[in-house]
Each structure stands twice: as C-alpha cells, then as structure tokens.
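First comes the structure, then the notes that go with it.
Labels run A, B, C and D following the written order; every chain starts at residue 1.
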Amino acid sequence: MAFALDYLWIIPLLPLLGSGINGLFGKKWPNSIVSFVALGSTGLSFLFALEAVREFFANGQQLVHRHYFNWISAGSFTAGFDLQMDQLTVVMVLVVTGVGFLIHIYSTGYMAHEGGYYRFFSYLNLFMFFMLILVLAANYALLFVGWEGVGLCSYLLIGFYFLRKSASDAGNKAFIVNRIGDFGFMLGMFLLFRTFGTLSFHTTDLKGIFDLAVSGQWAGVHESWGQFGTFTIACLLLFMGATGKSAQLPLYVWLPDAMEGPTPVSALIHAATMVTAGVYVVARSHVLFAHSETAMVVVAVVGCATALFAATIGLVQTDIKKVLAYSTVSQLGYMFLACGVGAYTAGIFHLMTHAFFKALLFLAAGSVIHAMGGEQDMLKMGGLGGKIKKTYATMLMATLAIAGIWPFAGFFSKDSILFHTFQKEPGGQILYGVGLFTALLTSFYMFRLVFLTFTGKPRFDEHHVHVHESPNSMVVPLMILALLSLVGGWFAFPALWGGPDYFSAFLQPVFGAPEAAGAEAAAHNMELILSGVALVTALIGLAIAWWLYISRPDKPKQLAQSMQPAYKTLLNKYYVDELYDAVVVKPLMWLSTNVFWKIVDVGGIDGTVNGIASGARSIGDTVRHAQSGNTRSYAVWVVIGALIIIAVVLFWPSSGPAVGMVR
Amino acid sequence: MTSFLQANATLIITLIKIALILFIVLTVNAYLTWFERKVVAHMQSRWGPHRVGPHGLLQPAADGLKFLLKEDPTPAGVDRPTYFLAPLMALALSLTSIAIIPFGPQSLHVFGYEIKLQIADLNIGLLALFAITALGVYGVALAGWSSNSKYPLLGGLRSSAQMVSYELALTMSVVGVLLMAGSFDLRKIIDQQAAHAQWGIFGWNLWPQVLGFVCFAIAAVAETNRVPFDLPEAESELVAGFHTEYASFKFAMFFIAEYTSMITVSALCTIMFFGGWLSPFPVSWTFTHYLPSVILIPFGLWVIWDGIRYETIWGRIVLPGIGTVIAAIGAALIVFPAANEFIQGPFWLLGKILFFLFVYVWLRGTLPRFRYDQLMSFGWKLLLPVSIANVIITAFILLLRGPAK
Amino acid sequence: MVPTNYYLLLSAILFGLGVIAFVFKRNIITIFMSIELMLNAVNLAFVAFSQARGQTDGQVFVLFVIVVAAAEAAVGLGIVILTARNRQSLNVEKVDLLKL
Amino acid sequence: MTPQLIIFFVLAAIAVLGAASLIFQRHPIHSALSLIVVMVALAGLYLLMGADFVAAVQIIVYGGAIMVLFIFVIMLLNAGIEERTNASQMARFAGIPLTVALLGILAVAIFRSQIASQPAQLADTHKISLMLFREFVYPFELTSFLILVAILGALVLAQRES
C-alpha cells in the first residue's frame, strides 16, 4: 500500500540519475536539455518525497525503516543500505528537496551565461543525492557516505571556477578543514561501534544504537554513565565533525572563503542544507547527547560563542556575500545553542526557517550581483532599491525574517531558541544574554546590508554599470522563498497565546517531550515577555542601522576612526586565518618539506629503492664473472650440475636405486 | 696335428678361402687393367699393350713388378701416420667388401666339410657391404689431406663430398629391392628372384626395379670414382687428385682398391637386379646347362688356332696351351654332370660381373667428365629424388599386393 | 657371455673420457667430437640394457639418438664454419664474445 | 674366459684407447680418426650383443656420414694443431677432479645396480622395424621433422650472405 515508503531509495536515486546523465552526455547538449534533466530529476524527487510524506502521515507517523541490501559485511560488522523516515527526516527531506528544487530553478537563470553549465548541474544533482542519502540514512555508516559526499560536492562547487586560484584554494581549504572534522566523526563512529557493536540507529529487535542507549542493554554499560565516559567522548567526537561541517568554532574558517563558489551554490550548500548537516547529526544523535551533560554544555557554549563571534565579524564586512556567510555561521551557532540546551525542536525549527530566509538572502544577493554585473562590494552599490524592486522587496522580507521581526519566520524560531536557553539551568541566563546581544548585532548588520545596498545615492558609475532586474527564472524562486520566510514560522503561531506549538508537537515522537513541561503557565508568560524583549532588541538594531546608514551616512567612518584597533581586528576577522596559518599550516609545511620529503621520502623510501637497485647491480657485477663466455668453464659448470643431479637421484633416501631398477 | 686341424676346421677353411679369394681378386685386378687398356685401345682403334708377352698378357705382371721395385719417396711435411694409413685403409676396406659376396648357390663338399662359396654369410650382408663402402671414403679423403699438398687436398675434398652424396642415392636405390626381398641377406635376395625361375630373365628384379637399377648403376659408378665421375683424380685440373703424392706400391694400393670396388659393385649390381647366379633362361630348359661348355670349347679352339699363327715363338707355344686348357675344362664339364651342375651358378654370376666390368670400361671409353657443380646438382637434385620416388612407388605397390611372403 | 655391468662400466668410462675431452679440448670441432663420444657411450648403455632386458626398444632409442646426433652435427658444423669464417680461429677460448 | 669375453675386452680396450687418443691428439684430424676407431669398436660390441642392425647403422651413419662431415669440415677450414691456451681457470683446476668424481659416482651407480644379464639373442631387424613403425611412430615422424629443420638450418648457415 505504501509504495513510496517501500521505495524510499527512489528519492535519492533520481538526482543521481540526473547527475549521471548530465555529467556523461551533457557536454554536447544545449542548456535547455541539461536544465530539463536537472530540474526534472530534482522536481520528481521532490514530488516523490511529498508522496512519501503523505503516506508517512497516512501511516500514522510510524517510524519507517527499510533494509534494501547488505552494503558492507566484514566479520561482525555489517552495514546495510538502510533508509528510514521519521518526523525529523520528513522536515529535512522536504527542506532539501524543496529548497533545492527552487535553487535549481534559480540556477538555470543565474548560470545561463556561465561556462560548464552541464558540469554545474551535474555537481548540484550529485549534491542533492548525497544530501538525501545523509538525511535518509538509517545508520551512521551510510550517513557518513552522504556526509563525505556532500563534502566532495561542496569542494567541487566551491572550486567551480577552477581557473581562479582563489576559488581552487578555497575549495582545498574547505576540503581540508572538513577532513579534520570528519576525522573526529569517524573516530566517534568507531567508538560507537566498539561500544554497541553496530552502527544502525534503530532495529526491529531494538538492537540499534539509540534503542540500546535508551534501554541501557549493552555491553560495558557500567563504565559509560559517567560524565567523561564513552558517551561524552563519542558525542564530542561527533560534534567535532559537526563543527567542521557546520562551520563552528574553531573550524568555521572555510565557510567565508566558500563564497568563491557560484551564488546558488552558496545558497543551497553553504546556507540552506549542507552546513546544517552538523545540526542534523547532533539532533539525530540526541539520545546519546542526552546521556552526557558535558557534551551538551560544550555544544551550547560553542554554538553561542560562534554566534557572537561571527556576528561581530559580520558587522564590518563590506562584501555582500561575506556578510551573509558570517551571518550563516552565526545562525548555525544559534542552532547548536538550541541543541546544546536540549531544545532540538527549536534548533530544527530554526534550521528550517533559516533554510528559507538564508537561501532567499543569498539568492537575492545573487540577483543583486547579477544586476550589478558581478560587483560584490556593498560600498560600490547603493540606491538599487528603485531599480530592482522585486529583489529589493524579497530581500527586505528575508532581512526582517532573519532579524526576528514579528511575524516573520525567524522571529518564532529564534524566539523559541532564546526562550529555551533562558530556561536552561544552570547558566542559561548568560547564554541567553549573549544570544540576545547577538540578535541585536544580527539585525544591525543585516539592515546595514540592506541600507547600503538599496538605499541612498548610487556609489557606482551608472554609465558603465547597467542595472537590470533578473529574469523570472530567478525572481519566481525569490518570491516563493519570500512567502515561505513569511509564513514558515507560523507553525508556532498559536504558542503565543498558549496554543500548541504544532512544530514541536510534530517532532515530539523524535525528541520526546520538551523541557520545562512543568510550569506551563509561568513558562507561557515568561515566553511572552522574552518574545517582546527579542522583538525590541531586533528593532533597536534596526534603528541603529537606520541612524548610521541613512540619517548620518558619514558617521560610520568616524566610528571606524575612533575605535581603530577594534575595527581593524574585526575587519581582519580576528586574524584567525593568520593564526591558523602560523600555528598549523606553516609548521605542517615545514614538517612535510624538511622531514617527510627530504628525510623520509628521499632518505627512506628512495633510499630503499635505490639501495635495492644498487645491491642488485653489485651482486650482478660479481656474479657476472661466472659468465666469462669461455665454453670450457661452462662445461665445468655443466659437469657440476650433472654430478649434483646424479647424486640426488642416487642417494636421495626416498628415490631409492633409480638406476638399478632394471630386471 | 690332424686333431688340431679337425678342431679348428672351420677357422682353417675360412683362412684358406680368404687367401684364395685374395689371390683371385688380385690377379683379376691385374688382368682387369690389361682388359681395360685393351678394350679402350680397340675402341680408339689402337693395339693397346702387346709387347710384353703375347697380346701383352704379361703386361700386368710387368706393371706389378714396376710398382714393387720403384723408389717410394715420402714428400716432406706429410702427416706420416695418416699418409701411410690412407692407402692401407682403402685397400683393406675394398678387399673386405668382397668377403660378403656369395659366388654360388650350392656349397662345395670336401672331406665331409661343407664349404660355402662365400667367406662371411651375414644376415645383414647388404648393410655390412654399405657400411664398408661408407668407410671407403676415408681412404681418399685422408690421402688427400695427409699429403699436405693442394691438389690432393682439393681431390680429397671433392671425393669425400661426392662419395657421401652418392652414397645416399646408392643406398636409397636398393631399398626397393630390399622391400621386395624383405631381407638384407644377399642369398635371400637372389632366392626371392628365383621365385619366378621359370620366367628366366624376366623374373629378375631388373624389371620391377628398373628405376632403382638405373639409379644404382649411376651411383655405383660415382661411388667408385670412375669415369664420368672421376673428378677426384681429374688429370686435367688436379694432376692426379688425391693420390698425386703417392708413388709405387702405395699408389698401387689405391689402384687395386679402385678395381676391387669395381668388382664388388658389379657383383652387387648383379645380385640386386640381375638375379645373381640365376641363368637368364627358364629352368625348364635343361639343355642350357651345357652353355658353359658350349662357350668354353669353341673359345679354347679359337685361342689355339690364333696362337698357332702368332708372330713370336713364345706366343706360338703359350697361347695354344691356354686354349687347350680352356677347351679341356669345357670338355670336362660335359663329362662330369655334377661339376657342370655346380658350375652353373658361378658361371652366370661371373659372366654378368664381367659384363658390368666391360660396361665400366665402355663408359670410360665413351663419356666425358662431369663438371663439379653438375655432379653435385645431378646427385642431389635428380638421382636422390628419383631413388626416393622409386622407394615410395615400390612400397605402395607392395602394400597393394598385401604382405610380402 | 659378457655381464651387462661390464658394458655399463665401459660406457661410463667412455662417457667420462668424453667429458674430459669436452672440458680440455680447445678446438670447437674436437669439442663436438667429444659430444659425439658421449652420445656413443650412452648408446652403448642403451644397447646393453636392451640386451639385458631382452627387449628391442633400447636399440630403437639408439637409432633416435643417432638421428639426433646427425642433425646436431649438420647444424653445429654449419655454425662452426661460420665462426671460423668470422673469427679466423677455432679456439673456443678465443671465441668468447657474442658480438664480433 | 669365453671367446666373447676376449672379444669384449679387446674391443673395449680399443674403444678406451681411441677415446684417450681423442683427448691426447693435438690435431683435430687425428682426434677424428681416433673417434672413428671408437665407433667401429662400439659397432663390434653391438654385434657382440647381437644388435647387428644398430651396429650397421652405427657404422653407416656415424662412420660414413657424420665423421666424414667432421673430417670434411676440418679439411675445409684447414684446421691446424690446436693451441693449448688456458684462459679458463675452472677447466684448468676443477676439471679433472670433477670428472673423476663423475666417473666415480657413475661406477657406484653401476655397481649398486644388480642386473641379470641374459645371453645375447639376435634382435632381428624385423622386430626393430615393427617397433619403430608401430610403437615409436610419432617420435619417428618427429625425428624426420627434426632432420628437415636441421637441413634448412644448415642451408641458412652455409650460404654466404651476398
């Protein structure tokens, strides 16, 4: 009856097919066919996902787990190609396919004039495939496949303009930094396997990791309930991977550089979907985290710190995409903060809304860049509002959403995050304060971006730059996303007047009952107050931005002058890249050059090889003299051989009287 | 004494036979030279030797005396052992080969001892014969090499190449006969031809094996280094070939060896293809048994008549004597039928051999010498293939006929 | 009648002499001859065995050996002639290079 | 001391002496001659063993063809006394002892073997031919091919490249 649920694998398969077809044959085809294939595959998989979700609901939201075939089976370790679907997966799949589909549409317009059209879409579809595998996977092994796959696609797409050195460098940087995280992730997996003897989440006989973690029926249960036991280590390792993928401190450095890729890529991969994989993993493994306070705290603190840190950097950036990148980092920090305080619902909620409005922001920024003919520096823009109205409107909505202005989506999600953070004991208030301040900064730099870009007088030569509205293929997705970023948060609407929060209710089977189920009423009042505070904060940020960039346009420079060192520090992103370069890269280079190359490789490996060769040569040099070319010596050798053979035949104990057998 | 004789009777008889054969053969050789010279002379309308003795009949003796008495210089720088060995080898081998030839069907009975007209009755007679002829090469080759002089060397090279080449053809050409006889034994070969005794001459191997015979005849002439294949001693180009450096009796050895091998080969040819001692007439014609006397008596009478009117007194005395002896032998054969019966085989055999010897001389008087390359190409490209073809044909026919005997 | 061991011993001695000749002669042709000598010794052993076992196959083997020896002599002597032509020497110790 | 034994010892002595002189003669022609002597002696031994066909073939092929070829080549190349160079130290010093060891080991082998020797019965040519053309027909054909190849090889080697 449940066709789509039985054939879940079709959802990732379709993008893979599209990727394959485009990658293999697209080179010869015109853009129309390529885009048809790409859009067709993605759209179909979106529809199929919808159908699957419908059946999921029809089934009464039972956890769907399908085993298709044994992928790895080595000794005691078996990892099947298993897909599962629960509420969390539903959210992720819909976000990925939906937003992905929209961005595909957008890309057809945006990439129309770029080279390597088929290549771009092949990569993009491949990314969809891996991302879907990641979210559908029913065990860590398969999840890791998707995990690495999206990393690969991100590398390929960041370096899409591989002729630009900065692009390829950025790609390498992303790849390498992610490796560090993935290393942790793998260690985490190994530890989990060693502990539980399996990697699958749930199994019918309740032998999956999560089942066991809940029931506690697993080997070595005694030694792992401590704060620094198996769970803590495993969770921290997984979180290390998450920080790599989701650009948290200290591994966030690759994301801003990732902006070298085409804007749709930034929107899809580095804003909406891939970077949220870390959050997804943490949420998916919440059962494990639940067992380790330490890990939770670490997650929360890191998330909070990242949020503030990135926001401060975002204050002074002038490259429009860089600003968005840092805001992405900071928003991801919010999500981790939510996960850290145990408000997984809020985290996923924010993940979803963020997917909407951040994708929208990037796409709109892309539209702006498109309009400006490739110009990314906000200081060279301004006054675009009148010329590209649709873009302006959608961008404004997105900004309102991210700033957390009621009734846009961001308000609800961020509000619930802050609320749960405030309720978190102990130390919740501190985190809340930081989060609130970050919200202020967020709304400030976002409106700064909007004002610099769309209002005021044009700061560019209008004769050379011909500003024009983007084609519909780009504008329509913008509008859809704008609508989503308006209504995307309304699942939680009723919660304001004490009604149910449908979203959290929906995710409840996965994450269990939300905290502070106790004092409902008090919590409700508190929530109202906090919401107000958050709204006011956002408005303050808006006001500051207005004051600085509309009424007193000269003020920013004076400010920059007055607090030069802070400004410089922020402008240079706290010199983190330089720091890493000095601490990690340079020593590593030195090590590989002077030790691994000059000593190990040249001395050790080449030495061994050449040594063998020279040894052979010297041996041959000595043995060579046996081959004097003098037949008589050869004859003597032959005689010796004959002697040996006859002696063996004669005197070998088993062979007996070989000669005397004649009768 | 007598006991000793009785004890080793066979040995003694064999020795006597050897001595007898040697004497006969050497004498025949001697008179063969006389015969050759006479025939060639008459072919060239000359007298030939006629000073020494009547009709030059003592010429061979004179020659032999000369050979014995002449000085025998050994050239400088010869390889002595080989130089002395070579003629000995040649002579010994050629004389040995005679030992295998059977001269008659029945064996003589003296003092109750059975005496075959054959020294060694081997059941691989033919093979042995070929083995000996094969070794015959060395005499020539070594002689040529050891005399340390260029003409002999060239002669030796030529003769060794030639003999090896033609030996192949010689051997192949008799295989047909062997197939028909199914044995190497010369007596058996003759008996096989006797199977059709009533056909007389038409029962001989000559007819079925005519190809083989032609090949054999040619190869035989070449094997004996006779004209037209006498390149090893081609006077015009190599002085005297391999025996240039040999003088007096060593030279005589080569000489005798050559004539002996002529006799051997003739005998062989007779036995192989001309029915050996079989008479050319059907056995049923018993009156043909008187043919020996019928030939001998008139011949003797003619000799007497010729001797009487000879120039010299010596001749007028000697020749009639010989004639009367011959005639007497013929008469005796008529008187003693047993002797007549016994003589039949040897008579025909010797008659045929004599015929072939005449053919040899005849060839010498007629044909020019081959050129060396002609010789080789003839031997390899014509003679050998033909003889092989003969073997194949014979084998095929025998196969069709079913198993022999 | 002669014990077979005598024949075998004789063939062994001849074989050994052949080996000695093979090792100690310098002339290529002579070395060839020594090979032939060894072959002959083996033939003798063959015939002796066949006679001892009252079977004929040993003699057949001898025939084969003789054929092979003939072929070997034909080719080998051809090579010898070429060598002598090209090196002006029959001494194996002077002919110790593959190239001229 | 039966006559066969006497003949055997005489022929064996001839053979061994011939082989020895093959070694000691300095001139290839003399070596060849001594080898011929050996072969003839061996042929006599074959006759003594009743293998007369083999004996004949031995003399015809070995004596009449192969050795003639040898002598022919020697004469053709006009090979002189062989010079006694001693480039090969191995042959010089290790040769004799090794060969003696070989002989010794062979002798050991022979004396270890106990072979019932039978009276020499005549293996007539008929039997040999039957065996040759029935049991050993394939080897026989192979040898014919071998000879063909040898002929071709000899031709190729002998012809002067023009």
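Going forward, a residue touches a chain if its C-beta (ideal position, glycine included) is under 8 Å from a C-beta of that chain, and two chains touch if they have at least 3 such contacts.
On a predicted model such as this, the values are computed, not experimentally measured, just so you know.
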{"item": "Winner on C-beta contact pairs when B-D is weighed against C-D", "value": "C-D"}
{"item": "Most centrally placed chain - per-chain CA mean versus overall CA mean", "value": "C"}
{"item": "Mean-CA-position distance for chain D and chain B (Å)", "value": "32"}
{"item": "Centre-of-Cα separation between chain B and chain A, whole angstrom", "value": "115"}
{"item": "Whole-Å gap between the CA centroids of chain B and chain C", "value": "36"}
{"item": "Gap in Å, rounded to a whole number, between the CA centres of chain D and chain C", "value": "6"}
{"item": "Overlap residues in chain D, where contacts from two or more other chains coincide", "value": "53, 57, 65, 69, 74, 76, 87-88, 91, 95, 99, 102, 106, 110, 113, 115-116"}
{"item": "Residues within chain C bordering two or more other chains", "value": "19, 23-24, 26, 49, 52-53, 93, 96"}
{"item": "In chain A, residues with contacts to at least two other chains", "value": "628, 630, 632, 635-636, 639, 662-663"}
{"item": "Every chain pair meeting the contact rule", "value": "A-C, A-D, B-D, C-D"}
{"item": "Chain B residues touching chain D - in the complex, by the definition given at the top", "value": "79, 81-82, 85, 122-124, 127-128, 130-131, 133-135, 137-138, 141-142, 144-146, 153, 156-157, 160-161, 163-164, 167, 171, 184"}
{"item": "Chain D-touching residues of chain A, taken from the complex the two chains share", "value": "628, 630, 632-633, 635-637, 639-640, 642-643, 646-647, 650, 657, 659-663"}
{"item": "Residue ranges of chain D touching chain B (in the complex, touch as defined)", "value": "27, 29-30, 33, 36, 43, 52-53, 56-57, 59-60, 63-65, 68-69, 71-72, 74-76, 78, 124-125"}
{"item": "List of chain D residues in touch with chain C within their complex", "value": "2, 4-5, 8, 12, 15-16, 19-20, 22-23, 28, 31-32, 35, 38-39, 42, 45-46, 48-51, 53-54, 57-58, 61-62, 65-66, 69-70, 73-74, 76-77, 79, 82-88, 91, 95-96, 99-100, 102-103, 106-107, 110-111, 113, 115-121, 123, 127-128, 131-132, 135-136, 139-140, 143, 146-147, 149-151, 153-154, 156-158"}
{"item": "In the complex with chain A, residue positions of chain C that touch it", "value": "19, 22-24, 26, 31, 49, 52-53, 92-93, 95-98"}
